[in-house]
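Next up, some structures in structure tokens.
Each of the next two complexes has chain A plus one other chain: chain B in the first, chain C in the second.
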Partner chain A sequence: MLRQEGKRRWFLVWYILPALVVYTAFMLVPIINSMRLSFFSGDGLIPNEFVGFDNYIKLFAEYPFNERFWNAFFNNIKFFVMVTLYQNILGFLMAVLLTRGLRFSAFLRKLSFIPTTLSVLVVGFLFSMIFNPVWGVFDQILRVLGLESLIRPWLGDRLTALPIVSMVVSWQFFGESIIFYTAGIDAIDDEMLEAARIDGAGFFSEIWHIILPSILPVVGIVTILIFVGDFTQFDIIYAMSTSMGNPGYSTDIFGSLFYRTAFSSPERGGWGMGMGAAVATIMFVFVFVGVGLFLIFFNRRRSKLS
Partner chain B sequence: MRKTAVLALVLLTLVAGISMAGGGREAEGTTKLVFTSWRTEDIERMNRINQVFMDENPDIVVEFQPIKDTEYDAQLKSSLETGVAADIVFLRSYDAGLQIWDTGILLPLNDVVPALADFPGSARGAWSSPEDDLYAVPFVGVTHGVYYQKAIFDKYGLEVPETWDEFISVCERLDANGETVFAQGTKEGWPLYEVIFSGLGANFYGGEQARQDLMAGAVKLTDPQFVRAFETLNELQPFFPAGYEAIDYVSMQQMFGTGQAAMFIGGSWEIGIFEDLGSGQSEIGFFPPPVENRGDRLSYCFHVDAGIGINAESENLDAAKRYIEWASSPEFAQLFMEELPGFFAYTPGSYSLSNSLANDMIAAVEGADVTVRTVWEKMSAQSPSGNTLMWEALIDMYNGIKTPAEAAAHVQRGLDTWYRP
Partner chain C sequence: MITIHRRWARLVSYGLMVFYAAVILFPLYLMLITSLKDNRQIFTRPFAFPNPIEFGGYLRVFTVAHYGIYFKNSTVITLCALALIVFLSALASYALAKYEFRGKTAIYVYFVLGLIVPIRLGTIGILKTMIGLTLFDTIWSLVIVFVAMGIPLGVFILYDFIRMIPEELSHSARIDGCNEHMIFRRIVVPLSQPALATVAIVNFIPVWNDFWFPLILIRSNEVRPVPLATALLFGQFETNFGMVFAVLSLASLPVMTFYLLLSRYFIKGLTKGALKG
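And then the complex of A and B:
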């Protein structure tokens, strides 16, 4: 019996092996190599001069690198908070409505997922056109509504650029949250909801006392997905405000900072591959630690509730 | 055992198939050259030029595969690094090109193309190593100035301005009549620096001499001459269109090319783009940067833009050398300047240009103090580069966040962190 079990364990290794090899070759090795690069500097294509922690010191403490870095960091946090709010709250409310058995809910469920299937670059371009001050339809709608005084250079203003970009991202991935939440709500035992209704629970107390606690793990998963997505987000910034994070770096986040510093020539805002690798390493550590903390937080909440 | 043998056979066949598919050789014994550049808008024109070469050299097929401008440097670097780069590559002037040369991946051209010795020294200097190895054919120069819609100027009886005061009063007249004066936006920083500051500013900061002094450390950007240039250029801001903070480069071109604005401060490379948008040489005109006082010598920013080099690891070196040799000939220069009006070849020779805009641009060189973009050479070799500092400063100045003096100080502060004259 024991021997047989041992044999079975060894067999498992063979199942894991293909994925492990691919994962090691295409993920682990490049990640470790990129971390190694962050300790090097040099003008060439591959940095070859060992500089120890210099790149990190520069990044955290030397003007203008620290300014760009902290700016990207705080922008990224703002971006994450905005996207989480838009996407979670709207996605959740939409999901609650869609699971109420309204007439078009099956159709609406499908419809809400369509933006997610589009390319981020396409979505970015589309919204750049919508908000374009010369031809943009958004300003024209405001004009028709007589709200001309509200018109601003949406994507050219430091105050509005980032909120608009996060709205666009939320618009695109809003369907994903709906899918998660509807699945979570569908899984709630109907008897429990019925019992609550018989006890006289209203719409909001139903949401607050039954739906929300039951799908808290889903909220956790969605938030973690948004967290990972936002702290590695690059495409939407690139499409809507170039890799410079225009205007004046107000939409610059980790992804665009990394792309610009690592892959551009100094003439166009690059800092060399070594510095780029340092930015990438910090992004990695941040996302890694962040996901860990989120998991702990949501697990605690769940065990408290159950 | 047999299984292993079968597997090996399958693998061998696969590998053979892959290696036969590669190699870049066409079936009929011709050689394929891949030519890459950052100008995706030139595909058709470059194909026509290359067709002439292919007709003369039937054994070579030249494929033009440009990459989007903003991605070009990254892609060129990684493709050279991984050995999948094009055979013939566009190279940026000064330090960006030099950085690629330093990796030893470009072929020195001094002996390959002897004719290069006759090219103008200033152009050769932009693609030469400190040891005088020339690694690219100086290929394209561009100029900067102001385009205007003739119909709008005629409507108000406006004359082409020569001095800055005349220029401003033209702006005021247009503005008073409700016209959109400039198709200018500040969403992207590079047009502000490359075209407005280097192009129109040179007349105010003191042209080529000032640039040399700046490089040598004799003057700073915070000195009155440069601050005055920032101040003078800031006078244009009231004439920018509504929402200019959010107008990107492509929208700027579309606006002017479709006749929605009277003037466009731009570069010679835009002739073709405007023509495609319906503003050809009969619809629009060009005037060089306005000088301060009538009769002043024009400081003309004639920037070294692109060189073409050979990837030394190319499998088709001989064909690439033949192409480069042809690309340094007057025949090519004439073809090229006709196909791409607004791009000026450095190849010695006398040329006649049929495009009047291009002719006006080249005519202005006569007697002018020729310079290049302000902080391009040396001062953009490291980060924060002069170029990006200028982008940041000018966006902030035009968006009203920094005063002209603060903008100048911002650039100097950044340069001071690393630039040692």
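And then the complex of A and C:
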């Protein structure tokens, strides 16, 4: 019996090892490697001069690096707040609407996920055409509605570029919110909702007191997905405002900054692999701490409520 | 079931639903009809259905831009990556779900942690490794990265599913003289087929659509997958609108069709974790 146990254990290694090796070698090790490289400087692919925290000090406090870095940081925060508003809050409300047993809601739930299946790049290009000043389908719609005075170069204006990009990302991933929230709401006990209604709860008090507390874990998951997605987003910026974050870096976020810093030539904003690694490391720490805080927050709220 | 009684509430609800459906569909409609027009139609009647329907854009995408190569590359990359994700995740999940040993929970958590770790942040390390392995600028570099990217979700879905398979089945198979490999092949794999399909389907979208890793790891034209080719062609044919929209439609139609055929699996696979809490 014992010998058989021992034999069983050995075969387990062969079952787990392949997945473990690929996952470790191409996910964990590269991230650790990047962290290590962030303490080095030098030209080319392999920075070899140890510089301690110099790369970080440059990023935080030395012109022009600090200007680019903090600009990307605050843009990214704005981007995240706007996407949260559109995709998370409006997405939640739409999901509530689609779980009320209205006709066509099953169809709309299915439909809502189509944009999410597309490549972010394609969606970015598609909307850059729609907002394009030459073809300007969006401007033509405004003209039809008699709102001609609003027309402007949407993606060329510092004021409107980032909000438009946030709206496009939300358009694409709205379906993700719908799918998660409708699944969460469907799982709520009908009797609980019935009871609330008998007690005379209105629509909004029902949302606030029954639906929201019941699906808090789902709210947590959607929020974390948006958070991680937004703070590593790159494709949409590349497609709609190039990796430079046009116009004038007004749409530059962490993802595009990382790409330029690490992989672009110096004249296109490259600062070398060491600096790129430092940007990636800061992003990693930020995302990790952020996710941790969200987890703590949503768990606290849950234990308070139950 | 809940119903809204008041009439106006119903009206507002349907109004919102129609508006939402229009917001989803209009850009996609625009993309498809524009891809079937010539430049004159695109500028004079941007919203109208194409008349006559022009296939010129598509034709040029395949003849001038050799789109077939990119499509083949993406197909090979996606099929290899999905097969490996399913295979490796199934092996690991089986061992983790059906046997007791020290560190098993730690290994499971380690795998699942990958769900929130953005693999992009290791790109510099990945680039170095791929150059070291002389896989830079080959489709195999992408296959490997996508496998690493897909394993966390694969293990997450399969672990729970395989754990639910009744232990009696493997027990009686053991009495009949089956060894552990045979149990995996003859009992676990056939019974897990719906979950294995879910893993492949859910990973299909991120793998097919990924643009970041091809952008970093691929240089030569012959090994470009569809998203990288899309970016290139978009820049190259910017003024030929029909062709640009044909490129965008071609990149989207496979995934959209795939989703519409298998939407049930997508939704189940994606929301599985959310409901467990």
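Keep in mind that, in the parts below, the second predicted complex is superposed on the first by the 287 of 306 C-alpha atoms of A that agree within 3 Å, B and C clash if a C-alpha of one lies under 4 Å from a C-alpha of the other, contacts with A are read in each partner's own complex, and residues count from 1 in each chain.
Rule of thumb we're sticking to: a contact is a pair of C-beta atoms (placed from the backbone, for glycine too) under 8 Å apart; a residue touches a chain by one contact, two chains touch by 3 or more.
Just so we're clear, the structure is a prediction, and the values are computed from it rather than from any experiment.
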item: Partner chain(s) touched by A:46 [first = chain B, second = chain C, both, neither]; value: both
item: First, second, both or neither for A:296, with chain B first and chain C second; value: neither
item: Partner with the higher number of touched chain A residues, chain C or chain B; value: C
item: Touched partner set for A:61, first chain B, second chain C, both or neither; value: neither
item: Chain B versus chain C as contact partner of A:271, first or second or both or neither; value: first
item: Which of chain B and chain C A:263 touches, first, second, both or neither; value: both
item: Which superposed partner A:155 touches (first chain B, second chain C, both, neither); value: first
item: Intersection of the chain A residues that touch chain B with those that touch chain C; value: 45-46, 135, 263
item: Chain C to chain A touching residues, read off their complex; value: 1-4, 9-10, 13-14, 16-17, 20-21, 23-25, 27-28, 30-31, 42-43, 46-47, 88-89, 91-92, 94-96, 99, 101, 107, 111, 114, 116-129, 131, 144-145, 147-149, 151-152, 154-155, 180-181, 184, 205, 208-209, 211-212, 216, 227, 230-231, 234, 241, 244-245, 248, 251-252, 255-256, 258-260, 263, 266-267, 270-271, 273-275, 277
item: Chain A contact footprint on chain B (complex, rising order); value: 70, 73-74, 77-78, 80-81, 92, 95-96, 99-100, 102-103, 185-189, 241-248, 251, 254-255, 260, 376, 380-385, 387-388, 391-392, 395-396, 399, 401, 413-414, 417
item: Of chain A, residues touching chain B in the complex; value: 43-46, 62-65, 128, 131-135, 139, 151-157, 241-244, 246-249, 261, 263-272, 275
item: Residues of chain A that touch chain C when the two form their complex; value: 8-9, 11-12, 15-16, 18-20, 22-23, 25-34, 37, 45-46, 94, 97-102, 104-105, 108, 110-122, 125-127, 129-130, 135, 137, 140, 171, 174-176, 179-180, 183-184, 187, 190, 193, 197, 203, 217-218, 221, 224, 228, 232, 234-235, 238-239, 255, 258, 262-263, 273, 276-277, 280-281, 283-284, 287, 291
